[in-house]
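Take a look at the structures listed below.
Next, two complexes with chain A in common: one pairs it with chain B, the other with chain C.
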Partner chain A sequence: MTNLRWRNDIPPLLFIAPALVVYTGFFVYPLVKLLELSLYKWDGILARKFVGLRHYERLLGDERFWEALSHNFSWMIAAVIVPVLFGLLLAILLSRSSMYGSIVFRTIFFMPQVFSSVTVALIWQWIYNPSYGAINVFLSAIGLEQLTQGWLGDSDLVLPSLFIAWSWVHYGFTMIIFIAAIDAVDEVFFDAAKVDGANLWQQFRHILLPSIRGALTTIILVTAISSFHIFDLVYVLTRGGPGDASMVVPVYMLESAFTLRRVGYGATVAIAMGLVIVGFSELFLALRGVYKDAD
Partner chain B sequence: MAGSASRSRRKTPSIQSMGYAVVIFPLVWVIATSLKDRRQIIQNPLGLPEVYYWSNYADAWREGNFGTYFVNSTLVVIPTALGVVALALLAAYAFAMFRFRGKNALFTFFLIGLTVPLGILVIPIFYQMVSLKLVNNLWALILPQTAVGLPFAILLLRGFIHELPKEVLDAGRIDGCSNWGILRFIVLPLSRPALLSVMIFNIVWVWNQFLLPVVLIQKASARTLPQGLSVFMGRYGADFGLLMAGATISFVPVVIVYVIFQRQFIKGIAAGALSGI
Partner chain C sequence: MSKTSTHSEKADYTFTENTQMNTKSKFKFVLLALLTLILSVAPLGAQDEVTLTFWFEGDAPAAVALFQEVADDFAAERPGVKVEITSFGFDDFLRVMPLALDGGEGPDVAYVPWGLQALGRYALAGHAVELTELAAEEGWLDRYEMSDIELTNGLTPGQIYGIPFENVTIGVFYNKELFAEHGLELPETLADFEAIMQALLDAGITPVSVGGRDSWPLAHVWLQLVHTAMPIEVITGIENNDPAYSLDTPEFLAATQKTLEWAQAGYLDPNMLSTGFVDANNLFINGDVAMNIGGTWVMNDFAMLPEFQVGFFPTPQLDPDLPWHAGGKNPYNNLMINSATEHMDLAVEFVSYMLGEEAQTKFWNAGNITAYQFDEMPPPSTPLLADVAHANSYTGFGYNIGVTCSALNLATWRTLQELVGEDTTPGELVATNQQVYEEDCLSGE
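== the complex of A and B ==
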């Protein structure tokens, strides 16, 4: 309808130009620069030296990188189970019951999601404090002193401990998407099921679950992807330690580029991380396509 | 419905206690700790304070330079959120309303931004800011975050403008509105809810951004709030009363914004997830 007149009016490209300039200058340019940096050996100061694909070869044999990546993968597997199930449970309780005050509880349950991750880190550092933290004090108070731990200082416990702090934030996200999906299901289906005598599990299994399958796929994959850029909590609380017990790829990337001054290698780590994330995004889109076709 | 009502009555207490245990208790405990002195923290770590030490707040505010960090965070958040909304609205308007050559290619070009997280770009962004002499300058945070915020904002606003009633837009056209006039007097007022959603979403996201300042801001006077808080945390690692006062100072403003705008914020989150970020 409108394409007749813009010959003597502001052309559409002019509306897009400002966004295009900022996006190209500060997103696309760094992305291209990242690929270039990965081909050079550079300490960030002196002249850089072209090394071709040597950083990529080194990455394949770098045990620290693979260990960090394996931590991200363990994180991912736990992440698609714990906060997803917890969020689903809360969403069912908060939206499938005519409970008084459920809006208030939605607000409260979602709240950690808006905190800065440094605030979250600060709160959990205190909860995990070996001497005065809530967990150890509570365990001592109920006579389970033998279970008190240095939660963030123990190389077997540090990753699960960080994961719990992260889940405290992330379940709010899964819950809110599940609520949106569940609210969209027509009540008529549940009423029909009840008339037919379906119990709660059957209602869940045969009505709720098929109706929210799309949202479930989305949540699982968004969660999986976000497990690969966990940075803030790990950086603030442990910097990957003790040793490399909680080292994850984003922290390793920064350490390589800025602490060890191997800029090109850090860029290569970043690209590897980007490829994993893009891989999961593609998988996500493919799966969504499958479900769209099926519906 | 009778069945579900009796079910909910049984579940009400359990979900309330879960709410208290998971969210309320940690926060009350943080605030309680922020009002204790060292002796009370050691002797009575879990209880409420017997004597209230409000001075922790004054000390944290002063020692932690929170005033400076608040100003810096605000100076980053406002131009970024306004920039994303303004630039995205202009672009989304063109993508939604006009047919022109290269439109699909351009749109796809913007969508690349949805799959690449900001985190992997910090190394090149750092050296870009070195050459632009913007390290330690708040523009080093504003420009990349505006760029990264654009793809999602454009996607969301384009969808929204697309859904606007065609009759209203045609009426504007017949009345002789220019392209700019239609945007200014018809699309802009009608898009207000979507713009607010995008804005709130960006405000919270940028306010909490940590990785970018860690890399780009080294000077104490230019730190943002999360970064300042992490420095504060490192410096007063054992003084938990002071630290928890700092934590409270940092979350209270976000919680206020969230409680006021929660509907818009949650809409932004939901739209973000369902668009496939």
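== the complex of A and C ==
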């Protein structure tokens, strides 16, 4: 009996062992180190000083952190609406219509997704340039000079401007997932609906949407989480400025840990961000479960 | 027959075996000889070939080329020595260097950023070689300003771990052609300067370009006014984190109010918060903007454009009763030796070479303001350097606020963006700076 259990149990363990080792080395160990670092005051080079939970206490009263977090939340709310809806619309157009050259359009719309984030940032840096950027030049050319702006220099416009740049990349991702989901829906359902006299909206509401619900929830979750990770675009374009108008938690974490050499506090910010993401993901999955049960 | 045959076969076999053995023996002999030769010569070669590694902060192509040239000159005089240089951007350097040092790695010699930000901490952690005795022996203390050395080694009073050899200063770069075209003379007072900016504005030309999106160039405008609004002792005191001094004073407030006035008057590029440092320089170079308040590290970028007629003058004083001193002097980067180096003697030689007259002349000729005090100053290599040298001859140098305290630096940059964006007031700015000074700088963070 024992031998049999060994024979059954050991091979699976051996199979997952390499992955477990990698997971432990590259996730569990750094996480434990991060937790440890958050309990110390350290400049990254001199001796560490144990400060217990003082960094967590400080974080609770840190207005800059809460402002950055509120920007991340605003970003997340916009992110689960704009690129998701835009991606869905494009996917329906490219998948459900017999439009000529849809493959070419798919490629063009997906193209920004393959650019590195720094390349994207540089493209939008040029687009938003107040003196020779595409937007201001275009507005001037059509006689709307009064609408030209310093897009990244205005504290009210900077966050929406950055978000548009981010969405430009992200809708390609949502579009491609939706296309795959839509293509997997059996055409028979649509044919039956048409026979029953269903219009386009009814086909969308009662056939397409329920069929792609799995893809939709996955996209919303991934988009929401990635909106919390937003770093490179903000860092390259504004570094959180002007003032703190576009400060987001990952940039604040970098500034704390490396520019200000408060490694322990930076680790605390990272842990707080991780907890927010985990909490949000759990909430979202729970909500999805509720709706699934309701169905 | 059979016996004979057997004998003959045996004889053949023996012959073959002997032949094979001879061939094998010869092969083994040649192999052994070759191995012996390689093994005996290789260590000699390895001993002769020494690679000294040198890391520095500064990724401008001109700076990299200059360091490469100086390193090659050093190596050329020493057969078997190679100097491998690696350049980093400022932020990258501050991230990579401590990690390398902490892991017992890193370069033999490094040119590290500002003393209290980097060098002092490396020294306290035991990663830098003390150069106090060497500095006296080599006569560096006679050639370099002691106040710079003291400031940059401020975390280790009485002990020298790094020597700064490059000065930078901040002032006003101006487009000579535009000035001539509009009949503008160089200003002597702040009123003159404001009249020039107004005249340019009236002519439809943006007076001053500022790369405020990168925040620190905007701080330079403010710092210029700060430097001319109060005695140099106040700035030096704050740089030394002396609690006797404050950033919430009428002088700081006056400089801050003036910065806001200039922004509101349109003297500073109205798009400054969405214009980066490079773009601001380009606007100036292209003649779209008449002046640029900036540091002399951009001198070479301006001077290398033969058709661009550019000059330099010190920012006029906010308080004309004070001795005129230009702001922005930094005991910039410092040469240090890694205590983990395996080539200590060569590293010391390299540092001595870099701080010596031969290398310093090269730096001067390449358009840098060297801290080295020549017996006889070499002639300026460009008209722009001549302008800067002339300005420096009648104004003193003053340190930049924030060099020694990153938190104050960042707070100033952030609140200045808010100030010109009219999201904060001059009073709030100085109060914030004072709060950061007390909470972060004085606590030694």
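Rule of thumb we're sticking to: the second predicted complex is superposed on the first by the 257 of 295 C-alpha atoms of A that agree within 3 Å, B and C clash if a C-alpha of one lies under 4 Å from a C-alpha of the other, contacts with A are read in each partner's own complex, and residues count from 1 in each chain.
Please note the rule applied: a contact is a pair of C-beta atoms (placed from the backbone, for glycine too) under 8 Å apart; a residue touches a chain by one contact, two chains touch by 3 or more.
Source: prediction; values computed, not measured.
In the superposed pair of complexes, A:93 makes contact with chain B only, with no contact to chain C. When the shared chain is aligned, chain B and chain C each come close enough to touch A:129.
With both structures placed on the common chain, the touch criterion links A:46 to chain C but leaves chain B unconnected.
By the touch criterion stated above, A:151 is placed in contact with chain C alone, chain B being left untouched.
When the shared chain is aligned, chain C comes close enough to touch A:262, but chain B does not. When the shared chain is aligned, no partner comes close enough to touch A:227: not chain B, not chain C. Look at A:242: by the touch rule set out above, it reaches chain C but stays clear of chain B. For chain A, the partner with contacts to more residues, out of chain B and chain C, is B.
When the shared chain is aligned, no partner comes close enough to touch A:167: not chain B, not chain C. Under the contact criterion defined above, the residues of chain A that touch both chain B in one complex and chain C in the other are 44, 125, 129, 258. Interface residues of chain A, counted against chain C in their complex, comprise 43-47, 125, 128-131, 149-155, 238-239, 241-245, 255, 258-262. On chain B, the positions that touch chain A within their shared complex are 1, 3-5, 7-8, 11-12, 15-16, 18-19, 22-24, 26-27, 29-30, 33, 41-42, 45-46, 83, 87-88, 90-91, 93-95, 97-100, 103, 106, 109-110, 112-117, 119-128, 143-144, 146-148, 150-151, 154, 166, 169-170, 173, 178-180, 183, 204, 207-208, 210-211, 214-215, 225-227, 229-230, 233, 240, 243-244, 246-247, 250-251, 254-255, 257-259, 262, 265-266, 269-270, 273-274, 276-277. Of all the residues in chain A, the ones that touch chain B in their complex are 1-3, 5-6, 9-13, 15-16, 18-20, 22-23, 25-31, 33-34, 37, 44, 90, 93-94, 96-101, 105, 107-119, 121-123, 125-127, 129, 132-134, 137-138, 141, 168, 173, 176-177, 180, 190-191, 194, 200, 215, 218-219, 222, 229, 231-232, 235-236, 250, 253-254, 257-258, 263, 266-267, 270-271, 273-274, 277-278, 281, 284-285, 288.
Those residues of chain C whose C-beta lies close enough to touch chain A in the complex are 91, 94-95, 98-99, 101-102, 121-122, 124-125, 127, 212-215, 270-276, 279, 283, 288, 406-407, 410, 414-415, 417-418, 421, 423-424, 445.
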